[in-house]
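Next, two complexes with subunit A in common: one pairs it with subunit B, the other with subunit C.
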Partner chain A sequence: MEQVIANGLYLGAQYALIALGLTLIFALMNVLNFAHGQMYVLGGFVTYTIYGQLKLPFVLALICSGVTLAIVGALMEKFLFRTVIRRSKREESTMLLAAATAFFLDAIMLLLFGEKQRGVPKIISGVFVSDRVILPYDRIVVGVVAILMIAAFMLFMQYSKPGRAMRALAQDRVAAQLMGVKVERYSMIGFALGAMLAGVVGGLLVSITGVNSGIGGPISIKAFLMVMIGGAGVVGGAIAGGFILGMMESVGLATLREYGDITYLVIFALLMIFLSIRPHGLMGKPWG
Partner chain B sequence: MRKSRTATLRIVSAILFLLALLVAVPLLISATGRSDLYYTLTSVALLSIISAGVWITFYIGRINIGQGAYALMGGYVSAILVMNYGVSFWLTLPLAGLFCAAASVLIGLPILRLRGVYFAMVTLVLTEVARLLALALPITNGASGIVSIPLPTGISLFGLTLVPGFATVANPRLAFYIVAVLLMALCFLGLYRLAHSRIGQLCQSLQQNEELASSIGVNIAYLRVIAYALSSFLGGVGGAMFASISQSIYPSSFTVADSVNFMLNCFLGGLGYVLGPMLGTFVLYFGWDLLFQTGEFQLLIFSTLLIVLMLVLPNGLLSLALPRKRSL
Partner chain C sequence: MGSEMINRRSTLKSLALGAVSLLAIAASGMSSAQAENKELKIGFVGVTSGPAAAWGTSNVRSMQTRADWLNEMGGVKIGDDTYNIEIVTFDDQKDPKRAIAGMEKMAQEGIHYVVGPNVDDGAAAVRPVAESKGIIYFPYAFPKALYTPPASNAVLGMVANYQSGPAIYKYLKENKGVKKVAFIAANESDPLSQRDSGVAAAKELGLEVVAEKDTYQNDTRDFTPVLTPIVQLKPDLLVLSGVAPANAPLLIRAARELGYEGLISAETAQDATVLQEGAGELANGFISVGGASTPEIRTPVMEEFIKRYTDKFGEYNDESNTKVYALEYIIETLKANPKAIDDVEEFKKTAETFSAPNPFAKDKTLKYVGTSSFGQKRQLSVPMVVTEFKDGEFKTLFVGEVD
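And then the complex of A and B:
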């Protein structure tokens, strides 16, 4: 039992970090970022190159992942999403754009890194063993780093000037603009921040699960699930959604093992029931 | 007076278009000997039927990324009925559609209350659910799928052969092509009629403002379930046809990527135009096929083109040809 909870917490911490980026981008721009999983994979590959290939320190690789993705995100916002939002009649058009960028990133990564599964050497070897729980040390490190990053992100959103500006933007774009918030600049910062979070998680997890160019899509779907559970566009919701999904996956894998690979089927079914009772997730605002 | 003339013009051009597809295209293909094009064109026709379903949900203001689920369901229903119960394929085609429509009413009742991205995300998940179900259920035969489904048999009425059995005709590809084109024509005729009917107008009011529509007495819950059921019906019919052409169906026949593509077809053609899904499917499918020669750069060029298209024409390809027309 303790083992299941420990696994759930570890999974939940990383899931929450993925969902945070997605929900941030959604809250600021009303864009459902289909390319989020691909951003995660790209971050993984950057870390793989710097830590696995060039043998530089892991921390440096993580920072590089974050910076690369922040730049990619900022460029995407400035040159793609901003233009389409301005020109299009229906705001759903950004979904096509997001899907196209997802294909684009997939194609680039396939060309650059090939389709093989890539892994890196462990950051810390050894396993933590107590009488109830067995956890490898690297998982503990990754989990703790993820939780620290979530805390840092929340503090940043709560107390820094850009954080306040972005929260204002998420609440009411026009009102924020009237109060003198530079809407375009903070949209870009927000998009970059969301992308950066995806990149950093990718970098963190490459040390445990490895990375290959095909997992972007499934990661996006999981991120959508968490955002739906918690409510789209709400920071607390994303964190809650991440931990809930992580816990359900961990419990499901432990208890439903003898029935075959149906954990996700059960999770989906539960989600449908949940959404018919609470259409906007745990903390979501009732808007479309 | 003027109005009736444009109406006649439309009917004439539609008939000409259909004739071109049914007569000129086969002639051209037999002249050039590119009989592989039959399969491509048949796929385009069927995919545009499935995309037309997605278009209907767009018409009530919902983003549907779950059409792959119904296409898969339709394919399995048809395949299981033909293989296990020996039902004629032609009968399974509407049955598959109806089964999907019924399923979509059950699923739609709760999830159609969601809007915007919530609906989009749930439907996306739905595609994944369909795939997992197909893997888990005993009747669908798991990952190995259902294979060697027999070709459609003939239909005869009072000893008169209406449709010859596809196993006996000289060129089954041509036969499938004709069936697919006829189905597509039927589908878009119905779609055009629907969009210009009273229900179509009501659907548009849903797209603009559901609360307002409901406050002036539109039964929004009923309308959106109907629209969603129609959409799934088209998905099921298209999926059943696909299963019959490829003579097989697997859980991976229609995946999330396909669902996204159906949505892209609608976007690319233009959401405001009935013919949008048809044009979008044609361009997207042929574009992908043409780029096949570029090998490993296929996806890169394709996605770049998509992004550029989106930047230049964010309201769809048809907005180029019909710029001044108010969106339908």
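And then the complex of A and C:
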């Protein structure tokens, strides 16, 4: 059982980190970013290239993944989403744009990085073995880094000026604008930050799970699942959603294995029941 | 100043005229050379995007590499005519509905020979279109109904797991002392059907199957939770049924990191680079049907193919060791019976007796097989090379053949 809990906590930490960027973008701009998984994949490929191919330090690769995705996110917000939001009154326009961006990034990455699964050397070798739990050291490191990043992100949102501005935007866009918050600037910063989180977690996890150009879509779906559980647009909700999904997966796979692959069937059934009772998720209300 | 400019302008004009003339001459030369050759379109309908993109991409790239090579050598002589090969591709995104649309597109283009689809449901879905439009197709999917009478338009492009599985388990039982086996498969039709036939084969050999219901979502990235309960059962052999090349290193790594010390095998072709990058030395000892070519049995033609593929696409894919064969079979069969170029019934007749030297493997023959499994010759004979992964390379364990 201890192993199952350890697996669940580790999965939860990485899931929460994946969901954070998605929920941030949704909170700030009301955009369902279907390309979030593709951004994760791009971050993975940047780390793969710098750490795996060029043999430069992993930390540097991780920073490059974050910076690259922040730039990509900022450009996407400035030239794509901002334009569409300004010109279209229909919310689905941004959804279509996000979906198109996802397909575009998929195709670009397939061309640039090929169809194969890519992996990098382990960042730290060895396995922690006790009577009850077996955990490779690199997973422990990645899990701890993920938790530290979540904490840093929450502190940034809580206490920094941009963080406060973004929370104000998420709470009430018009009121924030009237109070002097530069909406366009902080929307761009928020989108860049969300993309950066996706890139960093992609880079972080490439050392464990590798990366391939086709996994963006499934990762987006899983991230949406976590956000739905926790409540769209709520940072705490994304974190809770990530840990709940990770734990449900771990426990389900350990206890339901005799019945075939019904873990996700059960998770989805529970989610349907849960959403019919709490359609806004666990913490589903505007940010703040 | 003015005359200088005029001179410069006239010089530039002359250069431009010269360049245009050269291009025109080259173009007319090329078009006259091309005009001598007819065009033979061969189709591909399969998955070249998404998580399973590697399966179809290795098909397409193999076909394009070989077609370019043949065209460069002046084309292919079939009967009295010489043809340039054109590969027409369609990405079905692993969606049976799109596979049908793809096969219909091939029919509209007058194509009679199509490689693919890559998965069971796609291959089953295109059957009515292929049969009604006179298309012979070469799936990389294992349902026997596709190849067994009354079906007659599908030709299996590789060795099926129900053909390689028993051979592998028998070898491991006799040579490595395997007694307890655990199976794990993705929750999709191909891997599940491969798992079921694998379980049946293992039981028939008298092996104890300790896990046969464990599955995972194909998009799983972390396999530790999936493998934790299986590793605790301590099987001698862990079979990764129908495992995609992207998932194999992740499964192997997770199993080894959880302390699993037994053997791991798969009946699907894998890629050495992917295994090395994803699992490193943890993948040592992994047994798979490693594509229909290893350095020991390769001919110079195969070596040249690998070189051309690598030059063209930057990196070789070991799956292409098998995928290179379909186009070769199509062309060689058409050479043997030129009437088959527009008439697939002629192709079916020729398949019964067809035989040609195998350009890619030493001492092997191109021929249609499958009588034992399907009751008719609806399978390409490709070498069944069972390999063991060791330090970044596949080492041959044994080479078999399907009858």
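Here is the rule we use: the second predicted complex is superposed on the first by the 285 of 288 C-alpha atoms of A that agree within 3 Å, B and C clash if a C-alpha of one lies under 4 Å from a C-alpha of the other, contacts with A are read in each partner's own complex, and residues count from 1 in each chain.
Here, a residue touches a chain if its C-beta (ideal position, glycine included) is under 8 Å from a C-beta of that chain, and two chains touch if they have at least 3 such contacts.
Since the model is a prediction, treat every value here as computed from it, not as a measurement.
Trainee: Which holds for A:Met272: it touches subunit B only (first), subunit C only (second), both, or neither?
Mentor: first
Trainee: Please indicate which partner A:Thr23 is in contact with in the superposed arrangement: first for subunit B, second for subunit C, both, or neither.
Mentor: Neither partner.
Trainee: Pick one for A:Gly217: touches subunit B only (first), subunit C only (second), both, or neither.
Mentor: A:Gly217 contacts both subunit B and subunit C.
Trainee: Check whether A:Thr47 is in contact with subunit B, with subunit C, with both or with neither, and answer first, second, both or neither.
Mentor: It touches nothing on subunit B or subunit C.
Trainee: Once the shared chain is lined up, is A:Ser207 touching subunit B (first), subunit C (second), both, or neither of them?
Mentor: The answer is neither, since A:Ser207 touches no partner chain.
Trainee: Where does A:Leu110 make contact in the superposed view: on subunit B (first), on subunit C (second), on both, or on neither?
Mentor: In the superposition, A:Leu110 contacts both subunit B and subunit C.
Trainee: Have a look at where A:Asp261 lands relative to subunit B and subunit C in the superposition and call it first, second, both or neither.
Mentor: both
Trainee: Could you say whether A:Ser65 touches subunit B, subunit C, both of them, or neither, answering first, second, both or neither?
Mentor: neither
Trainee: Indicate the residue numbers of subunit A shared between its subunit B interface and its subunit C interface, in ascending order.
Mentor: Comparing the two interfaces on subunit A, one with subunit B and one with subunit C, the shared residues are 106-107, 110, 217, 260-261, 264.
Trainee: Would you pull the subunit B residues touching subunit A in the complex into a rising list?
Mentor: 58, 63, 107, 110-111, 113-118, 120-122, 124-125, 128-129, 132-133, 135-136, 256-257, 260, 263-264, 267-268, 271-272, 296-297, 299-300, 302-304, 306-307, 310-311, 314-315, 327
Trainee: Spell out the part of subunit A that touches subunit C in their complex, as residue ranges.
Mentor: Within the complex, subunit A contacts subunit C at residues 3-4, 7-8, 10-11, 14, 52, 106-107, 110, 114-122, 127, 129, 134, 136, 139, 205, 208-210, 212-215, 217-219, 222, 249-250, 253-254, 257-261, 264.
Trainee: Please output the residues of subunit C touching subunit A within their complex, sorted ascending.
Mentor: Residues 48-54, 57-58, 187, 211, 213-217, 219, 221-222, 224-226, 228-229, 245-247, 249-250, 257-259, 271, 273-274, 277-280, 313-315, 317 of subunit C touch subunit A in their complex.
Trainee: Mind listing the subunit A positions that touch subunit B in their complex?
Mentor: Interface residues on subunit A, with respect to subunit B: 26, 30, 32, 34, 80, 83-84, 87-90, 92-93, 95-97, 99-101, 103-104, 106-108, 110-111, 217, 221, 224-225, 227-228, 232, 260-262, 264-265, 268-269, 271-272, 275-276, 279-281, 284, 287-288.
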